[in-house]
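Below are structures written as structure tokens.
Across the two complexes that follow, chain A remains constant while its partner is chain B and subsequently chain C.
After this line comes the complex of A and B, so read on.
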């Protein structure tokens, strides 16, 4: 199917357009309402997200086949729809967390929600870009917005420090990536991933381009993508940023930003470098395997001594980036299916864990492990929910995290990367240790002084169960396994 | 259906217990007891109605579960699993009764976790799909971690996390092996986790699974997973810690059932599925050919000598468990009819006897609040009934003919002597040392002068006797009439040996 022209594309671009409209509406509404009524802004953003969700579904079902929009700049297929839904869920959860979080300054909430919608727009584009230029623009949209959001606690020096570090690392990563992109453009003479794939195959076959040049270009691009998914060695920003940013934003960055990063990563490598000749000429899968092994090991080992739960979860999410990268090694459809499945699982369990952190931070005013002491008697349901999230993150059956990891390991072993599976599994054992420290504090230790039981509202428990129930049951449902397969089957392989 | 009901009744019980109010502790205990008695009734029904004249699996249920990977909910029983299911179902209510008085806090959570644990154990012994088998295997980890960590002794946190990490380490190796078996079981789309199918494929000429090198590696993967559980030296160090810290009932489950999960897995997966791998480690030629028997021997001798050195009553019993599980390994390594029969019988007997021993240690601990063997003395005159039951358990455990412990050990040694003469002869040291530490303990605790501190020590009460009597009867019955149990799995063992000899 030919790419649609700019005008024709607009119809299929309605979710993104709606996001822009609602982001603007949120700012306007914020000018009108009083500070005390700033919840209205949050609700408007939620309404916006629901409308966008409807638009995503409508555009999806009105199309039989995947199409390229805007003369091949972005692509609308099941893969991008999958990620859009995932991102909408993460954003909606973040809005709900922010509503309940007591960290945020009420005066600034208008901008805050508008920025959340803007960053979602950027992520939508990341999930659907098929052109180098568009890839860079979407990545920058997301990055710039996240710098502001990370520094949103204006009264906290930690938050400002986080934002500053984020910008510094981000600028270097983007620059490096842009350099890599220019290499690719220079070699292939086109920005379109499909074209690049074809041209590079020809050029490599005829010997006009050295494999090393392509490998260097890919490595540079990986700097930008690796920075988004916080893979070693581009992970250094994430613990500080995660610790300093408001908790809802930390949750958002660790789930949505990572998912969007993986969407971009998969599309870039699968569409651009997924054909066999290219993979034989340029051994990038091996490089990815090393990066994956290092990422999970560094993440897990660094998480071991952490006392701050937010920071601990930050390192844990680095480690999870490493697990996810395993599925990207060799980019088989099983591997990508595993990544998609794991991202769904990860969304629920990680957001759930962060929600508990929000709740405890509100009650105790601390994010340290000590703050969790005696939680099993003070708020048993919350404590058990946290156990389920943590155990699922550690990948222990019968929770969804296990099924996700199982798919990833199976994909890796199928390709003969036994050593990588081995590293991954040993990492799971290590990770259990630091997750268990939180469990230990909650269940095996008593609270310091005689404190009252926490009382949470019904709404809190309802939101908590939104995360708990999928974490328990996703693995048992057939539909999720097929869902991942469909998304993969329509990937643009040219 | 009967089998599924049995597995999931405790899970239902967990949900019911969780819905009960936290204050009504008596009600929680009664409901839990009810939900552990139902599996027992069902297990007895299975035990009676099980067709002893065939080796085939019975009560089979097979429902597709995760179709994308051909994973099934496939359960069924053969002679081996029905025996262990009965043991599990029997220890369930006994442990609930044993926890009746000495669990002080959070009884509701305790009982709920206990019921979850029971579902995991029952499901594990009935699973016939490798994936399901693994899920049930891991399902026991989490409740056990909490049961030790929350309700355990002073060093409970250390013991709980050590247990968790060791077992998880073993099971991730198992997971790699499991995935490797799955991926080699056929072309994409035709792959399977079905244990009976895999057993057939592994002996099909020219199949990828029927390859010595492959079988050796996956054998090792599964073996380490199960070896941690058994525990086999050098993966055993979690066991004494876990036992010493765990509350009585949990020690009973740990020794009675969880250790059997390891040896059951060895029979169900390692032996039946990888006969060539097994042959490599048990053919009696060179170091590797003797390695499994050697591990059994080390377990027996090492466990017994460690037990001899203990002054903590519970630690002594824990180390004696390591020694007694060594006989199971030795019997399995022999892989002849006597050896395997002896090993399976020993699994069941050890489950019964070690459960008794831990219950008895618990009875004493509840009264004296310590377990230092040298701190007692002369209790025989104060607690004659308790002394009598303890003597019975000790005699059964040290292998006195006429009691159940003897039969299993004798058969294991008999089978092993056929192949590993030197190791078997040396293993009998373990029996001598076993007699030594049990008799010595008997002397230190029950004979001699009564420690004046314990003038007022109350005799064992009715509730405690109730937990011990069924187990005591079983040790005597199985001692004089072992065929009662052997009949159950005779055909299954014959079938297994046919598979092993077919390579």
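After this line comes the complex of A and C, so read on.
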């Protein structure tokens, strides 16, 4: 189907346009409200997110077939709609966390929420770019905004340090990626992913381009994508950034930024480089299998000795990036469907775990494991919710995490990568140890000082149940499997 | 000047940039290294656009222009973060900014 022209595209671009409008409105509203009423800004951004959600659904259902917008720059299909909904959920959760978090400076809330909406815009574009230029611009939009958000606690040295490390790693990684993209552009003579794939196949078959050149260019691109999804060896930034950034932003980065990174990864490798002739010439799936195995092993082993729960969850999120990559190694639609399903599960269980971290940090003022001692008697409901999230993260039945992992392993085994499935299985066992440490602190250790029961508001429990209920039930609901599989089936396979 | 000349220059720029990032002990010098990396990419895009695509197709040069804009945005954010670092730590040497580890 022909790409739509710029003017025709605007109609289908309404979710992104709405995001820009609301980001501007949030800044303007922040100018007129008093500091004491700064929650109004948060509510306006929530309203904005709901409007965008409606717009995403409307544009989706008004379309029969996937279309390319803006002369082939971005593509609107089930895949991008899937990620848009996922990212909206993550952003809405982050806004709600930020409302409850006591870390953030009330005077700066306006900019904070405007930046959150801006980063969502960048992620929307990441999930739908099909042109090298758009891929790079959207990646940089997300990166630049997240550097600022990671360093948002201006009075905290930890936060500034996190931002500094983040931008140093991030800028080098995205520069390296751009260098790789420039070679892909040069070899194929076009910026469009579909055309690059077609031209490279021809050139490799006729021997005009050496397979090594393509492999090197792809490896350079992998630096940028790998840094976004925090895969080894580009994961170094993530523990420090996750520990130093405000907790809601840590939660956001670990879920939304990773999902958007995977959207870009799948679109680039599956739609762009997923055809068999290219894979025969350039064996990058094997390279990815190794990266995946290393990522989960390094993440899990480094998590073992951690005392800071935020840092522990950072390493656990690196490990989950490794599990997710397993599905990407095979480039079968089962593998990609498993990634999408696991991302939904991961969204709920990981955001839930981070919400508990926000609650405990508000009450205890610390993110260390010691702060969780005796939680079972001080706040039993919160403690049990945390158990559900952690057990699900470890992948134990009957929680959603188990079904997600099961699908990933099944896809890997089906393609004969037995060693990778074995490494994944061993890693799940290792991860049990550090998740169990938090559970042990909550249930089997007593707090040192005189303990008072925590009193949480009804709203807190309501928000907590928003994460607990899906974590328990998603695995049993067919709709989520179909949803993720439909989102894959329309990907362009050249 | 052939395409090779441009590619060699940009490869040298890229390597110098990575080298600066890895060896410099000052945040500003690291920023300069990053700028070198981005400029090498822009040079690549412009050169490829001139030699590898038909003359009426200027998409590579457009990417280079966007690359310049993004490099400027990145420099602005980087400098702001360096200011924040200086306020908190009294230094912009990366090895002195190391409270987070483990």
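We take it that the second predicted complex is superposed on the first by the 494 of 494 C-alpha atoms of A that agree within 3 Å, B and C clash if a C-alpha of one lies under 4 Å from a C-alpha of the other, contacts with A are read in each partner's own complex, and residues count from 1 in each chain.
Here is the rule we use: contacts are C-beta pairs under 8 Å (C-beta built on N, C-alpha and C of every residue); 3 or more make two chains touch, one makes a residue touch a chain.
Computed from a predicted structure; not experimentally measured.
In the superposition on chain A, A:481 contacts chain B only, with no contact to chain C. By the touch criterion stated above, A:136 is placed in contact with chain C alone, chain B being left untouched. Legend: residue contacts after superposition of the two complexes on their common chain; A:197 is shown touching neither chain B nor chain C.
In the superposition on chain A, A:297 contacts neither chain B nor chain C. Of the two partners chain B and chain C, it is C that touches the larger number of chain A residues. With both structures placed on the common chain, the touch criterion links A:240 to chain C but leaves chain B unconnected. Within chain A, no residue touches chain B in one complex and chain C in the other. Contact residues on chain C toward chain A in their complex (touch as defined above): 14, 17-18, 21, 27, 30, 34, 37-38, 40-41, 44-45, 47-48, 52-53, 57, 59-60, 62-63, 66-67, 70, 73-74, 77-78, 80-82, 84-85, 87-89, 94, 97-102.
Chain contact summary for the complex, chain A toward chain B: residues 376-377, 380, 391, 396-398, 402, 406, 409-410, 413-414, 418, 421-422, 425-426, 428-429, 432-433, 436, 440, 443-444, 476, 478, 481-482, 485. Those residues of chain A whose C-beta lies close enough to touch chain C in the complex are 132-133, 136-137, 140, 144, 147-148, 151, 154, 156-158, 160-165, 167-168, 171-172, 175-176, 178-179, 181-183, 185-187, 189-191, 239-240, 243-244, 305-306, 308, 311.
Only residues 65-69, 106, 109, 134-135, 138-139, 141-142, 145-146, 149-150, 156-157, 160-161, 164-165, 168-169, 172-173, 175-176, 179-180, 182-183 of chain B touch chain A when the two sit together in their complex.
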